[in-house]
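Across the two complexes that follow, chain A remains constant while its partner is chain B and subsequently chain C.
Then we have the complex of A and B:
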């Protein structure tokens, strides 16, 4: 019985269809504005957004900074907040899943904090940290930590009980079972958390910037609104969308590499 | 006496397990000699799995002793292996790493681990798929991985809980032969639980027949037949009939 590795080619429709749907979406969008179905004061067509994009690459007016500065500010805040939430949330969730003491101590506090929308922390963070980087990082951290803890916790809890029994009969210690069995079996859930936390962080970042900041993509959107420039608003939204999608894609690639055995 | 004593590997005295008022195991006593392959059969629901779980120390016994080489059994001290009914491969490890897992837990040095893994995989014909992941091989392969992993730690006691119960008949015959040859080559002490009487008579040197709940050892039958055994051998059929009569509940 010989087993060989088989390479399966991706069928053409799977490559072609996403391109088609994006192209159709852009054409439709352009058409409804150009044809006058939606007045151009309310929505900018993609062609105009593209023009503004090219312009904003080098022009700080009318909102005070070029696009790269806005994007850089947002990415920085998101990256720090996101990393901190993974760093704290995942180990905490994993430990809560396996060690009863940790669960007993942390769970009640966590359950109380979880239902509070991260945006509700904004007034307090403005008192504590002002409108600089730290306050926004804090909001993003709060937003991202929730899915990290929950998914890691559930992931550990879902470890197949017979696997644990099997390890016990070989005399494995609690710690061995935790890091040799529970953590690997929680990994698919943890990677799910990376995606969800990213989405939470990114949306709450924009929320935080809408209220209190002086640069960033969220700020760009607010300024566009105040100045009555739908093209700038849409540009900000498109940038948030595209950069979020790229980050998601990167995480997806990493996941596929690491979880070869589980996902195949 | 002394010489006879040294042959006894496992000694179970008055093993009792109660869940509240329900007595599942009632003063079970038996002995297994070094290198013996003993099968345990019993009517459905007689507590075979509870029996194995208590023996393997996954579950505390209410009363009684389990002695391995005259010492109280403990998974940390003794090599106990357990092959479960359902496949227990770790999906994130390759076939090879799965076979080595038990030895890894036991802290066997890497070099020896590799040698033993290679040897066992050669014996059971897993070498060709050593680097595949469990979800790329068939269900019977997964069970062979579990059996190899169990034999690889050179267990003092190998417990098997209907390992081939979910496989089709042809494959089961094949794997039973494989089990016998592994056992003969590695000289392990095996306790094989099954509800299939034919399987028990085919593989075992001795059969312990369990009673209905509260479970105790109802009878002990020595299977003194030449190997390879034949299902059509009159002696084989006689023993099978004898065991069937003992556990029939209808």
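Then we have the complex of A and C:
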């Protein structure tokens, strides 16, 4: 079957307005600092942030490491913590959705730990693991595991009862129904968790680095604040935002590839 | 394998008639919950008592005693209630401020594509930036006082509030609009009768997310710099190496986060009763 593609023409202002608004925003930002409306000790204009960015690519001063090292540290921590939370969270959530014993044993503990904001764990992890990699991986793991468990659990629970009954009628065992019916039907929900968990991990990574760290993008922001260098603070924020957006984009591509056969 | 999985819930009528088997007893939900909770606290107590983490984990009853002590004495100028109120106040102000502006803006963006074309790109620039990253700059701008904390909470809660109210209208089923058009409704009827009520559940979902973000931001702000509040208790516990104080602060903040999200769900149940069927998943 061939469909004729319907092209809806956007009116010109709708195409031009977004570009104009971003340009206006950047110009306004530049202008309020250059004109002195906002003193330059409080905010750095975009041009200066760009200069600092070029400088930080090769210059370890004043915070002790070049930009690539900070970014690499953050990415490394995020990657390990995120993968661990997927590895533990998804199977746990799937099992909680299907097996009553697992649900009964894990759920109360999960509900106790869930409302604690992950960055509240920072002091304990500093006591336990110091300010190195392990502590931050632990915090990111705690942050990422919650959406993984919840989404996988709900995914299994949302399996159509009709399908389960049909499988039972045909004599499928519990285990067969679980891994041939419930897991595939939970997959879209599980993949939904990938994005949410990534956002959680990234936010809490920055929090962990702000408070207990000696390298990383969050540390760059803290140092900028302590040194009274708004250009470095803004640079750190921009880097965190951009790398978060890139990671999100990668996960989105992976998700699309994996879900290629499944209708959402 | 009777009753070991949710497969039996779908055919639950017949499985109840076989009499109580050993398997049904050990899969009883309440029994499992009790076992789970008891073993959780037991493991916590043993790990602390055997000093697996040195002296850096307090036993549960010591944490409880610590919290009780704090209600009796003044710690850093105020007792436990004062600290809880200081934090709650910040969350309340920041959260209401942000939702007051974000929800209408999100709705307006979804209803007017020109407003959307102007605001959305700027908003997209800020979206991937974690709210906690604003902590340093807000201290730079507003000092260490109350306002910088409220600012961070507002920034953090603004994003999910706006996004959800925007999507709430975007994802309304087009059939609903068709119905109101067939019935002869005007554009105003469409907005008031369909768009607003249909976006309520999404708005409330946004408020729930915002609230949990708000507590996280509050904690980050208070850990960085504060003279009172629950984050301050945790930070003080960290600086003076008192695991009982840290754990007490964690428990309090979890309790408050849980209570506030309960409050939002109650409000939601009052304001949009038609959503209940989705809740009971």
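Here is the rule we go by: the second predicted complex is superposed on the first by the 221 of 264 C-alpha atoms of A that agree within 3 Å, B and C clash if a C-alpha of one lies under 4 Å from a C-alpha of the other, contacts with A are read in each partner's own complex, and residues count from 1 in each chain.
The criterion applied here is as follows: a residue touches a chain if its C-beta (ideal position, glycine included) is under 8 Å from a C-beta of that chain, and two chains touch if they have at least 3 such contacts.
None of these values were measured; they are calculated from a predicted model.
Shared-chain residue A:137: touches no atom of chain B or chain C.
Once the two complexes are overlaid on the shared chain, A:245 sits against chain C while remaining clear of chain B. Of the two partner chains placed by the overlay, only chain C lies in contact with A:202; chain B stays clear of it. By the touch criterion defined above, A:165 lies against chain B and chain C together after alignment on the C-alpha atoms of chain A. Touch criterion met: A:42 reaches chain C, while chain B stays clear of it. Of the two partner chains placed around the shared chain by superposition, chain B is the only one that A:184 touches, whereas chain C remains out of contact. Using the contact criterion defined above for the overlaid structures, shared-chain residue A:259 touches chain B, although it does not reach chain C. Within the superposed three-chain model, A:176 lies in touch with chain B and out of touch with chain C [touch as defined at top].
The larger set of touched chain A residues comes from C, when the choice is between chain B and chain C.
Within chain A, the residues touched by chain B in the first complex and by chain C in the second are 165, 168. Residues 1, 3-7, 10-11, 26-29, 31-33, 35-37, 40, 53-54, 56-57, 113-114, 117-122, 125-126, 128-137, 139-141, 212, 215-216, 219-220, 223-224, 234-235, 237-238, 241, 243, 246-247, 249-250, 253-255, 257-258, 261, 281 of chain C are the ones that touch chain A when the two sit in their complex. Chain contact summary for the complex, chain B toward chain A: residues 56-58, 74-77, 80-82, 84, 86, 88, 90-94, 101-102, 105-106, 125, 128-129, 132-137, 146, 153, 159.
Interface residues of chain A facing chain C in the complex, by the touch rule stated above, are 13-14, 17-19, 21-22, 25, 42-43, 97-101, 103-109, 112, 115-124, 126-128, 154, 156-158, 161, 164-165, 168, 173-174, 177-178, 202-204, 206-207, 210-211, 218, 221-222, 224-225, 228, 230, 233-234, 236-238, 240-242, 244-245, 248. For chain A in complex with chain B, the touching residues are 1-3, 160, 162-163, 165-172, 176, 180-181, 184-185, 187, 259-262, 264.
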